[in-house]
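Chain lettering (A, B, C, D, E, F, G and H) follows the sequence in which the chains are written, and residue indices restart at 1 in each chain.
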């Protein structure tokens, strides 16, 4: 297929359609509304289901219901809307059915703003709903990657009977880039051995997340953990740039990682041995890749569009063997590459100490910087 | 005051009343319904407001509204209900007003069961709502502690204009223990300089979580982070047992910590130099205390009633300097002290290695154990 | 001459599992009626039920049909999701009054407004049975519950919601009636209504709901027999039985049997 | 002899901030009427407003009164919280149709059922203005929006919800009427209704709501003047103006001025 | 000193209150105590039990896998706790609901016809008190008078008129158990 | 090779589409490109801008603080981007909406009377095309023909009849700019 | 003459709620206080003749515990 | 005889929406195409005599941009 100029949100919508999306349930919210709008036209045109739900709560539970039948379904929203889905997500996870959700993140907390942000990392990766449940979280940095990861999300969700979430910031959703759409996949409704779709002369089936006996619930939890181990083994994805001889490594996902690439290139042009690791799956997180790098590297720099969330995962991987430094722009601010370049310079000029909380020194620097930048 | 035998949930309710609770908004859910039921009688009796909301969503937003006036208000729920409050909590955090929430946790994910669990640690401490926002999380292990922390929750929430959450598992909520109630505090509605309560001839006030300009939102985020630094400096609380000469340290909060105490005592009786650190504030987490201990200790054992959540925080504190091992019972199972004793013995008999993910070996052990215990 | 003849037996649409309901709780009657109707219509095999959170959370253990279990109040949303991808299946929710009329108000109103082709069996027992008898939106004024210990005070705790009356204002609704389970005559009428509701769905005539006045002997603190009397004497006057909305298209339906 | 006389000026209850509304959007008219009523009743000073998420999210910038900003749809819950701890203040929400009738359906129904002593100003403009014109529960059948690009298909996208009709089935409601903002006469009637609603609250007579048919020239793709005509010709027939519930106690209210 | 006690039986047999009386008595004696119920699924019926831990120091685990002391008011509880009791422990069994002999011989099993005694006293509901009274034989930290005081202090006002019968039930259980105790091989 | 361009003006001046045309042309030339709008608050009105990055390698940051190329279609944009332009960069300014001289002399400022030219062509809406045409003076990677092809390929069918006028606008902007360029001190 | 009928009450399902008893128009039912079901309930039974097989008991039974039979007189064949 | 009135339209608030113009019963209003407000709108104004001060324009103005005045004839004093 030739490349076309696609807007991120619309590309995601079309990629889902081509991956065999059978039903979409959503609710408008900036900066992801184009996904819903696009599908409100596209899905009925193809005779597929589209429902503008009464709310994100309604939407996620429609997804829950439809997913129980074994159909490929999804919802999309942005930060506050995703917060409303936490109960539903926990139920979906507890029921061990596949479901796909896209979060086009915006500045928060609260109503915040609609600018690009990455501050729902923790919600997506760790917290969010109640109970222990793993989920796959993919973080595209470009329109093409969003397209590719969309299909992958469905495949992984179904393979592991698990939630696959794609988190991107508003700028990827709103950006246009040349991208290639995959061919249209046929819809084939697999009669999964668990799917609840009207018994039709087989043994009846039940899908539920109740395990009244704690020992049964515990076994379910352990089963989820075991399945997660498989995911960890098979599905870690990340992109490396200039890592071979890197003495400094920047770690950033999505747009932050992409902006960092510009900074890393410029630093390289000045002879600094710096590389970039951009996680594509932030869950499962590329712990092992970072672990390996720790041997060769003098310091890591974590860059995020938040106040330091993935930072914890990097620190868990590095385990204090070399310093991990942090640079973040929370609240809907996208960093410019020269800010990151300054940070790389700071790392190089040292000295750095291993600290338990790189956020503290970052905060001090931010206050200093902003007092200059924002009078 | 003499000690009385109090049921955890009712003690929490009465403690809130004595701390000057002006309004309660909640929705029934086991195992915390006694809080609501108790207050449905007690609050009207005192001429204070009690509303059984239409849902947890309604409840948290009633709390939000009432808290905006500067009144002392709270809600309580259990895991699935708390998941429904995530949007509201993020708004409350973004608006920088004090609010108190009690989560009497139960087995999950999904509907799960109503047995005691600690699997909402991540949701409470890290994730949950969208956006970056800190919140204080207190974890009592006994009825008396729940009473004491209830009043403290209000005081801290108001001091730092922040959410204070108390997380406890169902067993503390359902347990009876002798406990002393504090005296009834007078209600004094402070006219906070931010409270929205009808202008009454002063300059009008607005409370909102919108900052359309990302730079303003960023400043808000940094202000929250700065305030969090104050909390970290002033408010870390934990309890130590037998740490002076400990070569092994068990870390557990709430009931898990309490059960661990029995195991630690028994191990001490057998001459093992083991101690216990029981975090009372799990957020702010006692990183520094653990950091200090790392010098003297050969290994840590984290015990939780979940699949390993606080574990990350312990690892962040220990930073790979000594092994951190994990023992958890997820899904609503309360460990017996002899299971923890076995784990302590395992630590002592070694050899242990620093590993990036103690969950992996735990899972293997669990499968082995359960294949024996649960045929 | 005479021959033996079976007049009534346990419906085949039931599994063999005894219910967990308290003795005399009319949740059981409602279950039985639904099972009988699905069996008589010959659709058990293509039915997907949605169980709520409430005493009927384990409904899926009793019907010999495919079932899912919804989060508290969200059954209509799940049913919507299912029906939209499987339009030829029979999809119904079974919900209590806490589930449907309190936490799930948004979902039920919108499923009804969308004219979602699903059937809702709505059990109004004037309290939250499962959690031990708290006030529900349907609790009668003055009625004592564990969260209205002095009797529901309408000034501070609000007025009962008449769900059938409310939903029947919506254009998407094809069939919306209230029946009661307190005596044989009313049970028969309830069954007819349940049949009509499922027929409405089968013909794609929009949203259908049967509200059933039901007992909760345990939390009402009454014997089952006294509970039936309570329904007749106190619930029926507060929640008048009747057809709140039967669309013209639904009126045309003629059912044999 | 003649002397100068001021007939009308911008209400003092307004701040000096110009609104961010599109030219000709009747959100502005609704604001002005509320401001005038609060001023005439002399209660601006003890009013707490609750702004929604929607085009009127910044309502708090325009009224010279205390204000909070609610999550999307939850204004009635916040207002409940405020009113319960400050029963002598005047508490009102200002909500759009997406906010109130879609995501916030549960909260509005229950605030009404509880008879919460708050006033709700409900702006029905048949779409989601703020997010760029998606379908709302109130979108007319056949109406094109960005999420009903071929016109609202009632078969798959449901029927409009008539909120006033629906809420007036609830016993907790003291005053519930629908008015329109499409011409001077109707604007005058709207103002009277807003006054009556706030008087209902002041006297503790339960929940009060005024639904206002309003324009969205930008997303309707019409001039403001054509939008007014659209309201008269298409919205009013679909959403009949009138008093849906005026409780006996509220009927007694006599207001001077 | 630390003692763990489990009291188990059908719902309705007064299992939870039986444990609470012990807890009150321990508290009034200045001891630490925890009482924790098995809180069942969100619905009615079934069996119930509670665990009481009494100690003179801060109580760690409020639960115990192998208690030294237990009361089994029905057959399922007898089956379960006979198995789980710590060696050397004491199990009070409601003989009225149980028709088998003990299987273990490393524990003390004391049979008390709780229902019969309660009915003789004239109130079926007192069967829990007879069992609790019996348990004291193996719980020297709490005396019969302590339980009586506890009941006096903590029985809800409206039930105060039942105090004498409660006392009698406690005492008859205790006396019966002491006789049985002598029979039990140590 | 990498070039960053910002196009800014009032909403309604065709800022976003102007950038898209550049993006299409770059894509059709086999280059990588990103186009990113300033998406405003959830409401109408105000100013708009978009950033286009063109490169022959994977594009990192799609945003730039100090662009080498910019188009300012109104005065606020002129004020803002004159300040932010990279030294040596080129700023195309819509002279029709701007009444002041440039302040910096380390950048090229090209004034184009976009509104006037567009109105001369007979369609006010084409002012964006005149500015984009002018920009090509400083963007040798894209030729006038590339833009024309891009318009041909990507203009929605219903607007195809406007192609000739679009071409004219591009060209007149370009020609005007080249004349101006010669005047600009290097 | 009234039809003659009889019922069977399942021990597995009956919970002794007495609803059938209070509904039986012939008043021929009562709880069997001499028996306990495995779940511990006294089950319902007919304690005297007179059952007509009207199935009202089954209609009200919340636990579908009752099976109802009736002896029927062969009437003149009904046209199909 | 009709009363004589006049209006002031605020440049700060007027957005040129024309609602006042279409509502004015005397048809004395129009947008002033010769002027732009700071926000870039052509504001409304009266372009000829005939304003009665009826305030209908102000009633429909969504931006509370209009102040209305009327010359009134001193009538016989009204009893208080």
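What we mean here is this: a contact is a pair of C-beta atoms (placed from the backbone, for glycine too) under 8 Å apart; a residue touches a chain by one contact, two chains touch by 3 or more.
Keep in mind that what you see is a predicted model, and the values were worked out from it rather than measured.
Trainee: Which contact partners do chain D and chain G have in common?
Mentor: Both-contact set = C.
Trainee: What are the mutual neighbours of chain C and chain E in this structure?
Mentor: B
Trainee: So which one's got more C-beta contacts, A-D or D-H?
Mentor: D-H
Trainee: Would you mind checking which chain's C-alpha centre is most distant from the centre of chain B?
Mentor: H
Trainee: If you average the CA atoms of chain B and of chain D, how many Å lie between those two points?
Mentor: 41
Trainee: For chain D and chain F, what's the span in angstrom between their mean Cα positions?
Mentor: Computed from C-alpha means, the inter-chain centre distance equals 43 Å.
Trainee: Can you check how far apart chain B and chain E are, centre to centre, with Cα atoms defining each centre and the answer in Å?
Mentor: 34
Trainee: Which parts of chain H, given as residue numbers and ranges, touch two or more other chains?
Mentor: none
Trainee: Which positions in chain F are in touch with at least two other chains?
Mentor: Touching at least two other chains: 41-42.
Trainee: Residues of chain B that contact two or more other chains, please.
Mentor: In chain B, 30, 51, 54-55, 57, 80, 87, 91, 95, 110-111, 113, 208-210, 212 touch at least two other chains.
Trainee: Taking the touch rule as given, give the residues of chain B at its contact with chain C in the complex, in rising order.
Mentor: Against chain C, chain B makes touches at 27-30, 33, 36-37, 40-41, 44, 50-52, 54-57, 80, 110-111.
Trainee: In the complex, go through chain C and note every residue touching chain A.
Mentor: Of all residues in chain C, those touching chain A are 44-48, 50-51, 57-58, 60-61, 64-71, 74, 77-82, 84-86, 89-90, 106-107, 109-110, 114.
Trainee: Which chain H residues qualify as touching chain D in the complex?
Mentor: Listed in rising order, the residues of chain H that touch chain D are 5, 10, 12-13, 15-19, 22-23, 39, 41, 53, 55-56, 58-74.
Trainee: What residues on chain E touch chain B, complex-wise?
Mentor: 20, 23-24, 27, 32-37, 39, 41-42, 58-65, 154
Trainee: Sort out for me which residues of chain C touch chain G in the complex.
Mentor: Touch residues, chain C against chain G: 1-11, 14, 16, 18-19, 21-29, 32, 35, 183-184, 187-188, 217, 223-225, 228.
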